[in-house]
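I have a structure here, written as structure tokens, and I will follow up with some questions on it.
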Amino acid sequence: MTAFKEIEKKLIQQAKELLERGEVAQVIAYGRGYDDQHPMPYVAKTVADADNLVFNEFCTFNLVGYLMRCPPGIKVAIVVKGADSRAVVQLIQEAKLRREDLVLLGIPASGMVDQKTGKIIDAQTTGGQINPVLCDYLLGEEKYGRTESPYQVLKPLEVMGKDDRWQFWQNELSRCLRCFACRKACPMCYCDPCFMDQSRPRWADKSPTAEGSIMYHLTRFYHLAGRCIDCGNCSRSCPVDIPLYLFHKKLAQDCEEMFGQAAGMRIEDKPVMVDFRVEDTDEMLK
Amino acid sequence: MSRIGVFVCHCGMNIAKTVRVNETVEFARDLPEVVVAEEYRFVCSTPGQELIFNDIKKYNLDRVIVAACSPLMHEKTFRKVSEAAGLNQYLVTIVNIREQCSWVTEDEDEATSKAKALINGAVYRARLLAPLSSRVIDVHPDVVVIGGGIAGIQAALEIAAVNRNVYLIERTPSIGGHMAQFDKTFPTLDCSACILTPKMDAVLQNPMIELLTYSEVAEVKGYVGNFDIKVKHKATCVNHKKCNGCQACVEKCPARGISEFDEGLNKRKAIYIPFAQAVPQKPVIDRESCTYFLKGKCRLCEKVCEQGAIDYDQEDTFREIKAGAIIVATGYDLMDTKPLVQYGYGKYPGVYHALEMERLFNSAGPTGGKVVMRDGSEPQSVAILHCIGSRDKNHHEYCSRVCCMYSLKFAHLLKEKTKGDVYQLYIDMRAGGKGYEEFYNRLLEEDVKFIRGKAACVTDRTKNPEEAGKLIVEVDDTLTGKFTRIPVDMVVLSPAMTARKDAKEMARLLNLSTDKNGFFLERHPKLAPLSTMTDGVFIAGTCQSPKDIPDTVAQATGAAAEALVVVMKEKMELEATTAFVNAAACCACQNCVKVCPYGAPFFNAEKNVAEINEALCKGCGLCAAACPTSAIITRHFTNDQIMAEMEGLMEF
Amino acid sequence: MDFEPKILGIACNWCTYTGADLAGTTRLKYPQNLRMVRVMCSSRINPSFVFRAFQLGADGVLIGGCHPGDCHYGTGNMYARRRLAITKKILEFAGLEPGRFRVEWISASEGNRFAEVVTEFTAAVKGLGPQTKLKVSHDG
Amino acid sequence: MLKKIEQGKLSELVTALIDQGPLYAPVRDDRGVNFQSIRSPLAVTLDFYNSVLSPKAVFFPQSEDLISYRLGRGEPTAKTTPLPTAQTILLGVRPPDAYSFFLMDELFLGSGIVDPYWQSRRDLTVVIGYPFINQTPDAVDFYSSLGISATDTRGSDIFLIKKNGELLFKGLTEKGNALLAKQAALFTEATGDDEQYYLAALAQGAAIVTRNLDCDPKRTASKLENLFADTAFWEQMAAACISCGTCTFVCPTCHCFDIADENIFRDGARRRFWDACMFTDFTLEASGHNPRSRVYQRLRQKVCHKYSYYIRNFGVISCVGCGRCTRSCPVNIDIFTIIAEAMKK
């Protein structure tokens, strides 16, 4: 607990310095929501604003998506946890962000808690990535060693028979309301319009038919293959709690195995689905 | 609502034997939007074509479906009929009920139901087809040839022969390339200069050829028919327009530089013409060795030049050239053998590489054609080592193709000039060209010692007095199975021919692909060996792969013909089935820009959308499937059309 | 009556489609369950086409392209291979039988290979029975 | 009419109600409680605070077919989907939600155009309300602000109250009493003690106070009208908004819908289904122009529709303070806070 307070203090101080020096136009971080357990994304634009910043175990929301609203050429600071920093790296690879526009306030955040379930999410999402892969200021002690593989949570689904797995996803995806919180919360889902909003072609029914929802999610899984950085925003944002992160994580694992590259780790990488290597083999089609 | 006409062909009995045509036509007639369905014995025959023509008119059809043989057979035929009847050719759909239906089964039920499904798919798709037209562009009549070796020279001459303007761009001070360095050419042993010099002169004399030596390609824009090439002319410090080639400057120049042409075996002046027959006969100043540039005084050449052609302040200049086609003939580099320390090149003065040998044999070379080593002595024994860096998985897996033959040529010349012992250390003797095997047989009778085995190393560590002062070549003789030490005076390496060190840079400029060895990749290894993935850019000679002079010349002639096919037309039609970007749906992810092998999509940063240069587009659809927002529309293969066809195919 | 699967094929124009034509010209026989869509390159195939095909009731989906390295467009199928590999993983993790989706490189000269692949794939899909998981129920 | 039944016999009652017609009741799964069509009586739970999704879908399904058609081979056919005819029971509705049906009646029935789908379902459905008794209100609820009490009877036909192992059913309307009469065999008559208990419970419930804010409809409406052009205010309120449709989908009073023809193999239906003003394409015009292209414009639309336009149109605020939007918001945007901020202006 004290660790979070410590981080919060450093965050406020760092934000103030950056704003005071005029180094950044705004600091994208968290502020108080309607109570302590529900912090909200918050943009501090003045030194006085910086006093409103908070950081605690409920600050799970990956803020990187908000960067897409900032015009290029204006310097912005943003709080990034492990997975969030990977989102930044991935978006730089995709030429959606420019490194020179960003001041990254890295937080090695472990013990983060899902606001709805109260459970610690470290092993669930975040890809086992506690320390930011890229940051300018580190607001806290780096934490090393992970107890289990980030893919451990996939085990139960992997050992399931295919029919059970189908049933599992059928149950989950049929709950989908098509509120599109998953894509709107996802920092990688920057497409405007999304393929789902297209009328030519209409990839899936606009009405919430089961087949349309399956088409939406399978295609979205594909669009995020090799790009998902496992922040878990999609799943935590879902009002009906569909564990989308499991599917994304599975494909992240597959991409890592097949193409030897994890999403958002190095700025100089090229996203795996718009790349190939001469050494690629048909093994991947097996 | 569309007005679709369906025409089902019997193809004699080819289709009708297994597909119940009548039933299929009945089925088609009943499909939504189909206004007429007909059958005919041979729809591709004149009466068959008339049937379609008349029905288009009679029923005012706006879509035509022909169920017959493969579209690869008669699509063009039926498109023509349609155009003739006033219906855009892209509104015709061919349903393959012969090659992929009637011919591959004997079961009538199976064949008939498949034929129906395929027709249904076409009906679903037809409604969504759009009329397309090819864009016609003007073609610039000129051709650019990059590289002034034998390939470039040959290509330029061929093109000029039909009165087309050619720009021949060469980066050294003279054209001629590697061939100009050679003494004799195998297997005929005719003098290289004797056959090359007239061609070089022809280039100079030909008014259709503009020679741009000491020049490099800096930038290429545009596309087939309309390339814009920016050429950098490096500063020569000599105004070639004023220079009359008297060479008084060369004579008086006190400074010396290393002769590139003589492979460093000799010195040349700081102001120089690389070799006697060089074209053009105009000197350049090498600033690295010029006294004036090094020390700030001298200017002797300026003083002796009656033309006032010397211009020390000259700077690199740039020039824009327009052309309809480009031929790339940038040649090869000889592999640098220094890193192969086991062969001692650079360590032992007695070790030479093949191009150095060429210069040693050449009567215009550093030794006046005498085989004299760096220490001034004549070798009493010479070992020629094949496959240095070629056929070697650690370096270059490929065979360099010419080494066996020039090594034999060297052996012959050594025998002629030195009377010493000559050893050939080879892995296999490859003599696949015209007259090559005969040449090999001739050498077998010339007292050359052939040892089948790849040399392991060259050393000066002697083991007995007989080896004293010699270089020892160690080799496993694979015929005798014995490990052999051969003491010789001189070792000649036959290194791999490699891609130019800056081939990748050239590839980037022209959007070419390179193979795993760095050579330029041809569009198809068999059927389009001179074309590249970039339309209007052709390759010839050793920039494509190692090859000998006859093959190089043949390729150059072929590339010239290919280039002429492009520029002889005043106008050209661009592919109609290209892709374009629906800007409203573009999410600016630039996936299309990243994946396109032709560089057709580009990012318009101002509008924050991708755009496609349709002149470069080949319509493969790679970008369309990479586009997450379906903003890219591949004409004639749109998402809508493909998915509709799938729906039709799966309905029944 | 025996279950006759519906198989949707998507083949590139230059290799597999031409290979299929060759199978016909040489009068090879194979089961008629396959209905093929022709595209210019296997890289044109959007994974959503595959999902859609299964929704439309395909019991199996067969993709055909040029051998990697022989793509008419140079590198198209190198990208296609990665996309289709992920497509396969998605279908598999969703719980579809992996045997229902196959990618084969069949050149224009491999008419008999085309016939073999179709024969073998049809039998395999037949063995898996009707595909009901993704198929949209439709009472037509 | 007050009737009672032992709590243990709830499943018997549920079985009887299922026989009578479709029954919607709260069901708990691992993700919380929601109203579902009940097939097994054991699924019903009365042990919950409130459902994740509002029960509006019973009257206004997320998707419904209006017309179905066949356009394949042969003659094309089309038929209108018949309106429902079976009596439906909706059990366990919390008073703010029950009141939301009233608010929606204004639009679907009272605006001069009667929506037959809404009307038929409203007419056919008996709403069994389930007032909050002895329940601490959730931190984000604010129904008190909107003049709705925890025991508000508006919108309910019957009230259900727990009483130590027994369930009391109080008929509030004719429709409600008719249902109780029809199932009379299962019930026992309530005693005077039960009557006392019922009244006491109601009184107890009525005393519950949630977060409170003075939002008189007329004043709120004009306040927001004045604030409409205050872009800075709305941008600040929407700074965190990701523009998903979650709030509108869980909301009991959001009622926007889209209509589309959807088909497979040329057979299909004209459907209407929920849409959300928070979606980018909600107001996208065919020209490509979007009058509400910015996030703040969309959030403003949602808030103003409920707290301003609806008042101008129907005289009432179209929000019941159930707190669902706040609870479900991925970034914890709280409409109560927005209104509170607006009123301060």
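We just call them A, B, C and D in the order they show up, numbering each chain from 1.
Definition applied: a residue touches a chain if its C-beta (ideal position, glycine included) is under 8 Å from a C-beta of that chain, and two chains touch if they have at least 3 such contacts.
Note that the structure is predicted; figures quoted are calculated from it, not measured.
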### Query
By number of C-beta pairs in contact, which chain pair leads?
B-C
### Task
List the centre-to-centre spacing of subunit A and subunit D in whole Å, with centres computed as mean CA coordinates.
33
### Query
Quick one: subunit B and subunit D, Cα centre-to-centre, how many Å?
71
### Inter-chain centre distance, subunit C versus subunit D - centres from mean C-alpha coordinates, in Å
48
### Summary
Per the C-alpha means, the centres of subunit B and subunit C lie apart by a whole-Å value of 35
#### Entry: Multi-partner residues of subunit D (at least 2 other chains)
72, 264-265
### Residues of subunit C engaged with two or more neighbouring chains
47, 52, 56, 75, 79, 83, 136, 140
### Task
Would you pick out the residues of subunit A that each touch at least 2 other chains?
192-193, 195, 203, 273-275
### Task
Take each protein chain as a node, join two nodes whenever their chains touch, and name the resulting shape: line, ring, star, complete or other.
complete
### Query
Okay, in this complex, where on subunit D does subunit B touch?
71-74, 76, 264-266, 288
### Task
State the interface residues of subunit A toward subunit C in the complex, per the touch definition above.
157, 162-170, 195, 203, 211, 214-215, 218-219, 221-222, 225-226, 247, 250-251, 254-255, 258-259, 272-276, 280, 282, 284-285
#### Entry: Interfacial residue positions of subunit D with respect to subunit C in the complex
70, 72, 264-265, 267
### Task
Over in the complex, which subunit C residues touch subunit A? Could you list them?
47-48, 51-52, 55, 68, 75, 78-79, 81-90, 92-98, 103, 105, 133-134, 136
### Task
Going by the contact rule at the top, pick out the subunit C residues touching subunit B in the complex.
6, 8, 10, 17-18, 20-21, 23-25, 27-32, 35-41, 43-47, 49, 52-53, 56-58, 72-76, 79-80, 83, 115, 140
